[in-house]
Each structure stands twice: as C-alpha cells, then as structure tokens.
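Same chain, two partners: subunit A is paired with subunit B first, then with subunit C.
What follows is the complex of A and B.
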C-alpha cells in the first residue's frame, strides 16, 4: 500500500485549532471563530487534495497509509498509530470537513450573541479532529480513540449551556448511554485480539476466513452494541432526543450528519466480520428495522421541532443500519444514504436553527405558523431538504432510500418481505411527520406570541443552508448515476452474486411513492384543513400518550436499569459499610482492647520485672530439663 | 570432699540472691543480691572446672568478675544519681516509665 505522509494534516489542523483556542482563553475571543473556521476549511482543502490524488490512481492503488508512531509494543501485541485513507474513509473525510466547515460558518452568526463562542468553536474543532481520527484509524484501537473523542466532544457540546440543569443532565445521559456502547467496542477489540491476535483492519480481514464463526459472531454482536450506542439505535436510542439540548449547529453536525453515523461506518468498515457471521448480520438488520419504525413513530408526536428532527435522524440511521446489515449488496447503499442524509438533515437542522433564531429560541412548532412569509430562504432550503427526506424524485433521498428498500425486499424469503415492508411503512410515516413539521412551521395561521418578530437570518446563516440544499437536491442523482458510488466502494467489499428480484425496481419505487403520498395526504387532512391549536391537545388516546412519552423508552430504562442499578448500589454500599468496614473496624478495636488488657501487666516496678524474668528463666530451665530427661 | 557440695552451696547462694532481688526494695541491697547471684555462678563455674579437670570454668569466672566490676561501676553511679534526685534508694519509687 502506498505511503502518504500528508494524512496527518487532516487531523492535526483542527486539533491544533482546538488546542490553541482552549489554551489562549479569553484572549482569543475576538478571532477564535474565524481561526477555527479556517482550520476546518483547510482540513477540507487537504481532504479535497487527497481526493483528487486518489482519483488519479487506478482503483486497486487508491488506498494510502501513514504510520505515525509505534504505539503499543507488548510481546506479540503490536499496534502502530497509523492512518488509512481509502475509498470509504474519503467519503467520510469530505462529508465531515465539508459539512463541518459549512456549520462552522453558520455558527459564526448563530452563536454571535454567546459570550462563550470561542469555547464553542474550540469544541467544534475538537469534534472534527476526533471524528477524522475515527474514520482514518487503520485499526480498531485507533478507531476507538476517535470514537471516545467524538463522545467527549458530543458531551461537551450537548452540555454547552450547562448552566441549565436539564441540559447538563442531557449531556450526562448521552455520555453514559454512549459508554454502554463503547464497552461493546472495547469487548469487540479484546475478543478480536484474543481469537485473531490482531486488531488492525487489514490483519483481521486476513485472519477472518480462518477464524471460528462463534468468535466472529461474538465480535460482530459487540460491534453492533457499539454501533447502537453511538448511532442511537434500538435499544440504546434514548439519548438522542435529549441531546437536542445542545446548540442547533451541534445537532446538525454531530447529532445528524456525522457522529451518529459512526455506527454505520463501523459496521461497513467491519464488513468482512459481518459477512462471515450471519447471526450478527441478522441482528444488524433487525436493529435497523426496529429503529427505523421506532424513530418514525416517535417523530409523529413531537411538537419540539428539533426533537422531531432528532427522531427522524434516528429513523434514517435505522435505514442505513438496515442497508449495512444486508451484506455486500447493501453497504454502498447505506453509505449513499449516509451522505445524502448528511446533506438534507444537516440542512434541515440549520433551517430549524434559523427558525429558532428568528423566533427567540422558541422550539414548539405549535407556536409557529405561516413562517414562509417571513423566512422565504429558510422555507425554500428546508423545503428542499423535506422533499429529499421524503424520497420524492429527483431529490437525493429518492435514490438512496429507494435502493435500501429495494435491497431489503430482495434479501430473500420471509426476511426480505418483513424488512421491505418495515422500510416501506417507515417511508410512509416519515412522509407523515415531516409534512406535519412543514405544515406546522411554515403554513397555516400565525400562532406565535405578540413579542416575537420573525425575520430571515443573515447571509452567514442562509448561505450554508443554501449549499446544503443544493446537496440535498443533487447528491443522490450524482452518486447513483452510473452507480458511481457503488463502483467507487466496490474494491472494499466482498463480491455479491446476483439476487433474485422479489419485486421489480419500478414496483418498489411506485409502492414507496404511494406510501409517501398516503403519509403526506394524512398529514394534510389532519393539520392543514383544520386550525391547529397552539397547545398540545390534552384529550388524546392512550397510544398517542405513549408515543408522546417516546414509546416509554425512558420509563423502561428507569424501571429496568436505573431502579435495579440503584438497588444494587445501595446493597453494595450497605455491604461495604457492614462487612468490609465492619471487618476493618473490628480488627482495630480488637487490637485496642487486647492491648489494653496486656498493658496492665506492665506495672513499672523493677522488682516485678525481675520476678517475671526469674520465673521465665526457671520455666525455661525446667522445660529443658523435662525435654532432655 | 564431694565436689557436689560446692554446687549445693552455689545453688543456695543463687536462690538467696534471687529472692533478695525480688523481695528487697533498697537498691543497694538489690545490687548486693545481684552480686551474690553472680558469685554463685562463679562458684558453680569453678566447681565444674574442678570436676571436669580443665580450666574452661575458671576462665569464665574471670570474665564474670570483669563484667561484675564494670556493672558495679555503672550501677552504683545510677543508684547515686537516683538518690540525689529523688532522695530515695527504693527501687519501687523509680517507676516513672510506667504509663
């Protein structure tokens, strides 16, 4: 593989930005945001340069490597800190730095009233560096460093306004639920080392065909646990909704476009493990199918615009995980949906931020209404993202989502029918809740408070939105024309045979569009034809109440994990107090009391000591006499 | 004369000395009793030398005398010092190290 010593600059530039801004402190307040944006943009430039060099090489020589230093060298365990840039990583590098730079630009304006704007930009740069390390690491251990880094950056940014206790709690919730997933990743690394003797991607790929299915399945399941944690997939999905406590650019960059897709990257990167472990692969599609419906259903009952979009993110990542679980035929489609989703969801989040910016940080959609008159640019960019997520041709989501639905149907047998139907149903529900968001926000009669003065955002905010909207329109077409992305990623994945087609592509497309049309129609009937109240209706069915409580995800976690955890902790504390501390205190007091008893024998009188010595000597002589007799 | 008789005398002297150390309070008397015990041991040494027909015991007796002489020098100095500071030569009074 070719060596390229320029890879490190991708990570070093934003990392330097973060370190400088954090160390410089308040002195950097004046120029911090511009510096951070430049760092992110120059990292994007390095990425583009690498991409152009990669394009110039033939397909089998595209991957390049850089060894940074020897990291761990213990006996047979050798890990270098090394970077690997191949066809898969470059997609992520361009997405992360490209969308990241746009969001940096957006944040300059969005955060301009915040006195901690410099710290915000330092964290954003830290995130970019960590995320790049995640996708560039050439072994699971290097990936793990980036994996933890993005977790830290996510925690810091969710809790950026941690003076509000609820926001601080939300950041802790995200961090702790992510830890559960991280544990899965560390277990996967340990099992990989124990059974295969290596943790590098190349090494594992080489060793995987000779490894036992059981150990590969174990690694696969642990990797899936890691992916569910980071990507907010069932059953570790509960943190994503609360993560919306962070500033909106953070939600757009970290909790929509990049970090939450790390799970999809992990599964796609470990394709050689999942291809050899059918059980783990089946679990992946099940998780994906459940989450895409779970997120979509939650999205139907959210009045908070950011939480509705978060539920939608969860659902769309469910599609990606589903695609990645379908094996070699699905990986490229998962990545394609990931990229198009990066464009349209980031665009919509920035749109939501723009709306909040104009509405005094009001997030309740029932307090919006008819905003298209006041925010025409936001309306158009958001609307293009909306058409993209719905999968209306020729917008981006049409190409990527349709391919996943089609591949799901072709998975074969009852599994294919179930997965395909779930994906179709998800598309319908998506259409419903996204239409609901559009109607409540941009049409109908105004329902905002009198003191709100909705206005369009400044150019620094709408320009990134516009660029992302262009991406939402064109990226799907560009990536799927002539199967560009599929052929681009082909060298990385195992070859797949032709699948028997259950349904013709045109049938699947028509079915998907039909579902979308039904979803849109229901939303129109429900929200557009009658007046929407500015408070959520109280008298609703039990089902609605359950959905409003996020399908009881928090109640379940509280009842099953929190309460048992608390019971376990209090039992352990009691055991510690009674058994452990009791033993320690018992030894102490026993020593004290025995010392007190022995002390009385020390009278201080010389004669009694002499008598004792005499008795001792006599006893000794007597003993010797008895023994020798 | 039977050499064992010297050993009986030696044991008698040692017992008198030991009892004296334990029961008497006056430091000087206690000191004299200690000397008595040492000399009882000397007597035993010399007797054993005689019984065994060599001079090992006699050599040990000389050592004992040297040590006893040194002990008298140091011990009497301590007793005199204690008497000067406490106006008493009773060993029971010198119990400051208790507690």
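What follows is the complex of A and C.
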C-alpha cells in the first residue's frame, strides 16, 4: 500500500483549531469562529486534494496509509498509530469536512448572540478532528480513540447550554447510553485480539477466513452493540431525541449527518467479519428493520420540530443499517443512503434552525403555520430536503432508499419479504410524518404568538442551506448514475453473485411510490383539510399516547435498567457500609481496645521496666533450655 | 610472661580516631573559647570531623589488612557499610542538633530554679552536646566492627554514656527529660550487666574472648553447651535492649518522648544501625553454627516485637511516643533480617537500616517544627488540620510516614520487601507472615496521622508551624531527597551493598 504523509493534516488542522481556541480563552472571542471555520475548510481542501490524487490512481492502488508512531508495543501486541485513506474513508472525509464546513459557516450567524461562541467553535473543531480520526484509523484501536472523541464532543455540545438542568441531563443521558455501546466496541477489540492476535483492519481481514465462526460472530455482535449505541439504533436509541437539546447546528452535523452514522461506517468497515458471521449479520438487519419502523412511528407524534427530525434520523439510519446488514450487495447502498441523507437531513435541520431563529427559538410546530410567506428560502430548501427524504424521483433519497428496499426484498425467502415489507411500510410512514412537518410548519393559518416576528435568516445561514439543498437534489442521481459509487467501493467488499429478484425493480419502485403517496394523502387529509389546534389534543387514543411517549422507550429503560441499577447500587452501598466498613471498624476498634490494654504495661516506673527485662531474660534462658532439650 | 607492644594498625582505626580527636578538640573549645563563638565553631568542627571520617572510611574500604589492634577490630565489607551509614546519618542529624532551640541553657541547673532562669537570661547555650555527639558516634563506629567481647562492651558503653547525658538536655519539660535520662541510664546499666554476665559465660565456654575463638569452639562443639546457651541468651539481652526489642523495649517510649527531639532522632537512627550492626556480626559469624538454639527464640522475639509495636502504636496520642512504638515494630522487622542468616538478609538489613534511619531523622526533624508558644506540640490531637495550614510540612511528614509504612515508591517498601523475601528464602515463614500482618496494622496508624493532618477539621487552639531554620531545613531536605531516591531508584545502592556485604570470619 502506498504511503502518504499528508493524511495527518486532515486531522491536525481542526485539532489545532480546537486546542488553540480552548487555550486562548476569551482572547480569541473576536476571531475564534472565523479561525475554526478556516481550519475546517482547510481540512476539506486537503480532503479534496487527496480525493483528486486518488482518482488519478488505478482502482487497486487507491488506498494510502500513513504510520504516525509506534503506539503500543507489549510483547506480541503491536499497534501502530496509523491512518488509512481508502475509497470508503474518502466518502466520509468529504462528507464530514464538507458538510462540517457549511455548518461552521451557518453557526457563525446562528450563534452570533451567544457569549460562548468561541467555545462552541472549539468543540465543533474538536468533533471534526475526532470524527476524522474515527474514519481514518487503520485499526479498531485507532478507530476507538476517534469513537470516544466524538462521544466526548457530542457530550460537550449537547450540554453546551448546560445552565439549563434538562440540557445537562440530556448530555449525560447521551453519554451514558453511548458508554454501553462503547463497551461493545472494547469487547469486540479484546475478542479480536484474543482470538485473531491483531486489531488492525488489514490483519483481521487476512485472519478472518481461518478464524472460527463463533469468535467472528462474537466480534460481530459486539460491533453491532457498539453501532446501536453510537447510531441510536434499537435498543440503545433513547438518547437521540434528548440530544436535540444541543444547538441546532450540532443536531445537523453530529446528530444527523455524521456522528450517528458512525455505526454504519463501523459495520461496513468490518464487512469481512460480518460476511463470515451470518448470525451477527442477521441481527444487524433485524436491528435495522426494527429501528426504521420504531423511529418512523415516533416521528408521527412529535410536535417538536427537532425531535420529529431526530426520530426521522433514527429511522433513516435504520435503513442504512438494514442495507449494511444485507452483505456485499448492500454495503454500497448503505453508504449511498448515508451520503444523501447527510445532505438532506443536515439541510432540513439547518432549515429547522432557521425557523427557530425567526420564531424566537420556538420548537413547537403547533405554534408555527404559514411560514412559507415569511421564510421563502427556508421553505424551498427545506422542501427540497423533504422531497428527497420521501424518495420522490429524481431527488436524492429516491435512488438510495429505493435500492435498499429492493435489496431487502431480494434477500431471499421469508426474510426478504419481511424486511422488504418493513422498509416499504417505513417509507409510507416517513411520507406521513414528514408531510405533517411540512404542513404544520409552512402552510395553513398562522398560530404563533403575537410577539413573534417571523423573518428570513441572513445569508450566512441560508447559503449553507441552499448548498445542501443542491446536494439533496442531485447527489442521488450523481452517485447512482452508472453505479458510480458501487463501482468506486467495489474493491473493498467481497464479490457478490447475481441475486434472484423477488420483484422486478419497477414493481418495487411503484410500490414504494404508492406507499409514499398514501402517507402524504393521509397527512393531507388529517392536517391540511381541518384546522390544527395550537395545543396538542388531550383526548386521544391509548396508542397515540404511547407513541407520544416515544413508544415507552424511556419508561422501559427506567423500569428495567435504572431501577434495577439503583437497587443494585443501593444494595452495594449498604453491603459496603455494613459488611466491609463494619469489619474494618470492628478490627480497628478491637485493635484499639487491645492496644489500650497493652499500653497499661507502660507504667513509667523504672522498677517495673527492670522487672520486665529480668522476666524477659529468665524467659529467654528457660526457652533455650526447652528448645535444646 | 613478656609484654609486647600491640600492633594497632592505625589505618583501620583512623575513622574512629578522627572522630575522637574531633571530640577532644570540642572539649577544649568548650573550655577556652568565648561563648559567643562556640556554637558556630562547634558546628563546623563537628560536621568537618564527621565528613573527614566519612572520607577516610571510603578511602580505606578496600584496604589490604582487615583486622587491627591485635584482632579486636575487623574492618570488613559490612563494617565499612555500617560505618558509612552511621556517619551519613550523624551528619544529617548534627544539623538538627545544631538548631539549639531544642536544648536547655544550663543542664546542671535544677529545673525551674533561679539559676536556670539567669542562665536563660544570659543567652547561654549547651554546646557540650557537640563533643558528646562525637563521642557517641565514635562508640557507634566501633560497635559493629568490634571483634572481641571486651571491645564490644567498651563500644557499647562508649556509645551509651553520652546518649544518657544527651537525653537529659531538653529545653522544655526538663523534668520529663531528666527522668528519661535517668531511666535510660538505670536500665542501660542493668542490661549491660546482663551483657557482661553473658560474655563471662561465653568466655567460660570457649576460654577465649575473641569472636574467632568462640566461633571455633562453637564449630568444634567441644565446650559445655549450657555455658554457650546461657551466654547467647544474656548477650542477646544486652543487644536486644539497645535495639528496643520486646520485652526489653520499655525504656524507649519514655526516653524517646522525654529526650530533646533532635537527640531522639539521632539516637533512634544511629544507635539502631550500630546495635543491629553488632548483632548481625555476632549472629552471622560467632553463633552461626549454633543456629538451632537461637533461631526459634529470635523468631519469637521478632514476632512479638513486630505485633506489639504495631498494636500499641495505634493507641498513642503523642507523636513522639507513636514514633517510638513504630521504631519498636521496625526493630522486629529488622530481626527478620538477622534470622534470615544469608547474604540476602545481610544486604537487606543494611539497606533497611540506612533507609529507616534517614526517614527517622527526617520525621523527627519535622516534629521539631510543629510548635505553639510553649514549645513543640507532640499531642496528636493538636495536629489536626495541619495539612491545611502548612501543606508543605504536613506533606513531607506524610511522606516519611508512608516510607515507614512501606508504601511502594518509598525506600520503606524496598527495605521491607527485600528483608521479608530474604527471611522467606531462609524458611522463616512465620516471621514473614507476622511481619506482613503487622505491616498492615502499622499502616493503619501511619495513615491515621495522615488523615488527621489532611482530612480532619482543624482544632480550636491551632498549632503553628515555625519557619524552619536553615539548619533544620538541611536535615529535612537531605532526609527527604535520600528517601525519595532510595524509593524510586534503589538499584545503585543495592548493588553497592551487595558488593560489600560479606562478613570476614
């Protein structure tokens, strides 16, 4: 593999930005945001340069490596800190730095009234650096560093306004649920080292064919646990909704476009493990299918625009995980959907931020209405994203989502039918709740407070939205024309034969569009034909109430994990107090009292001391006599 | 019978002769120099003498002839190491002794008398302590290299007599100090009698007073074993008294508490090295072949000493008494090195003696710093919250306590580890188990003091920590640096000790 010593700059630039801004403190308040944006943009430029060089090389020589330093060298355990840029990671590099830079630009204006804007930008840069390390690491251990780094950045940014206790709690919730997933990743690394003797991608790829299925399955399942944590997949999905406490650009960048897709990256990157572990792979598609429905259903009952989009993110990542779980035939489609989703979801989040910006940070969609008159640009860009997520041709989502649904149907047998149907149903529900968001926000009669003065956002905010909208329109077509992305990624994945087609592609497409049409129609009937109340109706069915409570995800977690956890810790504390402390105190007091008794032998009289010496000497002689007899 | 002039071999004796000469000059200084100049002249003289002696010890360390003064002295590897250790620790202690806040103005005056008061008014200072120190050091240097019973006894008395006097020189609480001095003297005399009695039996057993002669008889096994056994028992009493092993320990808490703290530091550290040095030589060479008779006894005493010292230290409310009991416990640990009776045990013991001695001087030096208007505060209850008021002093003291407790990265850990592993190797498993157990108990009271200083809220009548004078500071810094160095990077010293730690028989 070729060596390229320029890779480190991708990470070093934003990392330097973060460090400088954090160390400079208030002195950097004036120029910090510009500096951070420049750092992110330069990283993007380096990425583009690498991309152009990569294009110039033949397919099998595209991957390049850089060894940074010898990291761990203990006996047979050798890990170098090294970077790997191949066809897969370049997609992520461009997405992270490209969308990241746009969001930096957007934030300059969005955060302009915040006195801690510099710190915000420092964290954004930190996130970019950590995310790049995640996708550039050449081993699971290097990936793990980035993995933890983005977790930290996410925690810091969700709780950015931590003066509000609820926001601080949200950041903790995200962090703790992510820890569960992180444990999975560390277990996967340990098992990999124990059974395969290496943790580098190349080493594991080489060793995998000779390894036992059991150990590969164990690694695969642990990697899946990691992916569910970071990508908010079932059953570790509950943190994502609360993560919307962070500033909206954060939601767009971290909790829509990039970090939450790390799980998809992880599974795709570990394709050689999952291909050899069918059980783990089956679990992946199950998780994906459940989550895509779960997220979509939650989305139908959300009145908070950001939480509706968060539910949608969860659902869309479910599609990607589903795609990634379908094996070599699906990896490329998962990545394609990841990229298109990066454009349209980031665009819609920025649109939501723009709406909030114009509506005094109101997030309740029931307090919106008819905003298209006041925010035409936001309406258009958001609308393009809407069409993309619905999968209306020729917008981006159509290409990527349609391919996943098709592939799911082709998985074969009852599995294929179930997965395909779930994906189809998900598309219908998506159409319903996204149409609901559109109608409640941009059409109908205004329901906002008299104090609100909706207005369009400044250019620094709408320009990134516009650029992302262009991506939402064109990216799907560009990536799938002539199977560009599929061929681009081909060298990384195992070959796959032609699958028997359960349904002809045209049939699947028609079915999908039909589902979308039904979803849109229901939403229209329900929200456009009749007046929407500005408060959520109280008298609703039990089902609606359950959905409003996020399908009881928090109740479940609290009942099962939190309460038992609390019971466990309080039991442990009691045990510690009574048994362990008791024993220690007992020994301590016993020692003290016996010491007190011994102490009385110290009378202070020379005569008794002398007597003691005499007794000792006599005892010594007596003892010698006894010993030697 | 002809009288032949003894061949003295002055080279071997030179370190002691230098110290004795310095002491005599010190006496002359006391007699003829004005009192304004005495303190500084005496300090320079004493430190200079000790340094010169140390240099001389190093110069002759690999000399050809080993015995001197007609075979009554043997300067071999361990002798060199022990003498060097005694001199280094004495030099560190002298700076603490020189801080004359600790000593009475007129030792001969009755406490509280008009005479004493007048003497304080005149600003008198007891500079006699310097020559006394040097005489004691000379005795200590002789003790571990003595090679016959008479020389050994002379050395014992030579080191003890000045110490009896020095214990009575405290500036504050003079009655307590004088009581301590008297107790020390009476009990010391008592134990010396036992020692002499035992020596007589050994002479009766072998017909010889030289170690080599007694050893030959033990190896040959020709004599009356009863004489040998009683001899071993009673000589052991004298030696065990000096190191403060149970049940011959009773003097040490009272004397440690009553003596001026600087003297306590010197005594606790240097005497221990000298006494254990002599003990190692006798048991490793003279009695080695009668191992069957004394190993069980010494093991029993070691176990009782460790446990007793550690246990009773828990109940102490006075920092000096606590350190005294801690020193009893350490005597028990060191006995494990004697019982080991192998080369590793010898090396470990010498390392332990040096490391413990340095930490002891440092710890007592810190004790002199914690005072209120009426002098040193040794009541532990009044040490509460010291860490908040004087974090540096408290931290340094805490460090010495951790070294006593044998926490890794301190010299105490290396010492305990090597001495216990040597004892374990030689099969003294019971001693090692008791040692580890009592180390755990001991850790309790060391760490309790740390908790008291750092994590307990301050008392009403807060003690103040005086700014250390340059002299005390030298002591504290030297002890601290050596203790840290021996904990972090002990290898060079261990190698050095291993190179020399073989007794010449």
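What we mean here is this: the second predicted complex is superposed on the first by the 598 of 629 C-alpha atoms of A that agree within 3 Å, B and C clash if a C-alpha of one lies under 4 Å from a C-alpha of the other, contacts with A are read in each partner's own complex, and residues count from 1 in each chain.
Here, a residue touches a chain if its C-beta (ideal position, glycine included) is under 8 Å from a C-beta of that chain, and two chains touch if they have at least 3 such contacts.
Note that the structure is predicted; figures quoted are calculated from it, not measured.
Undergrad: Mind working out whether A:623 is in touch with subunit B, subunit C, both or neither, as first, second, both or neither?
TA: second
Undergrad: Does the superposition put A:596 against subunit B (first), subunit C (second), both, or neither?
TA: In the superposition, A:596 contacts subunit C only.
Undergrad: For A:69, using the defined touch cut-off, is the partner it touches subunit B, subunit C, both, or neither? Pick first, second, both or neither.
TA: Neither partner.
Undergrad: Which one hits more subunit A residues, subunit B or subunit C?
TA: Comparing touch counts on subunit A for subunit B and subunit C gives C.
Undergrad: Enumerate the residues of subunit A that count as touching subunit B in its complex and touching subunit C in the other.
TA: 602, 604, 606, 610
Undergrad: For subunit A, which residues count as touching subunit C in their complex?
TA: Answer in residue numbers: 588, 591-592, 594-596, 598-599, 601-602, 604, 606, 608-610, 612-613, 615-617, 619-621, 623-625, 627-628.
Undergrad: Where on subunit B is subunit A touching in the complex?
TA: Listed in rising order, the residues are 18, 21-23, 25, 30, 91-92, 94-99.
Undergrad: Using the touch definition from the top, list the residues of subunit C that touch subunit A in their complex.
TA: 182-183, 186-187, 190-191, 194, 225, 229-230, 232-234, 236-237, 241, 247-248, 250-251, 253-254, 292-294, 296-297, 300, 308, 311-316, 441, 444
Undergrad: Taking the touch rule as given, give the residues of subunit A at its contact with subunit B in the complex, in rising order.
TA: 602-607, 610-611, 614
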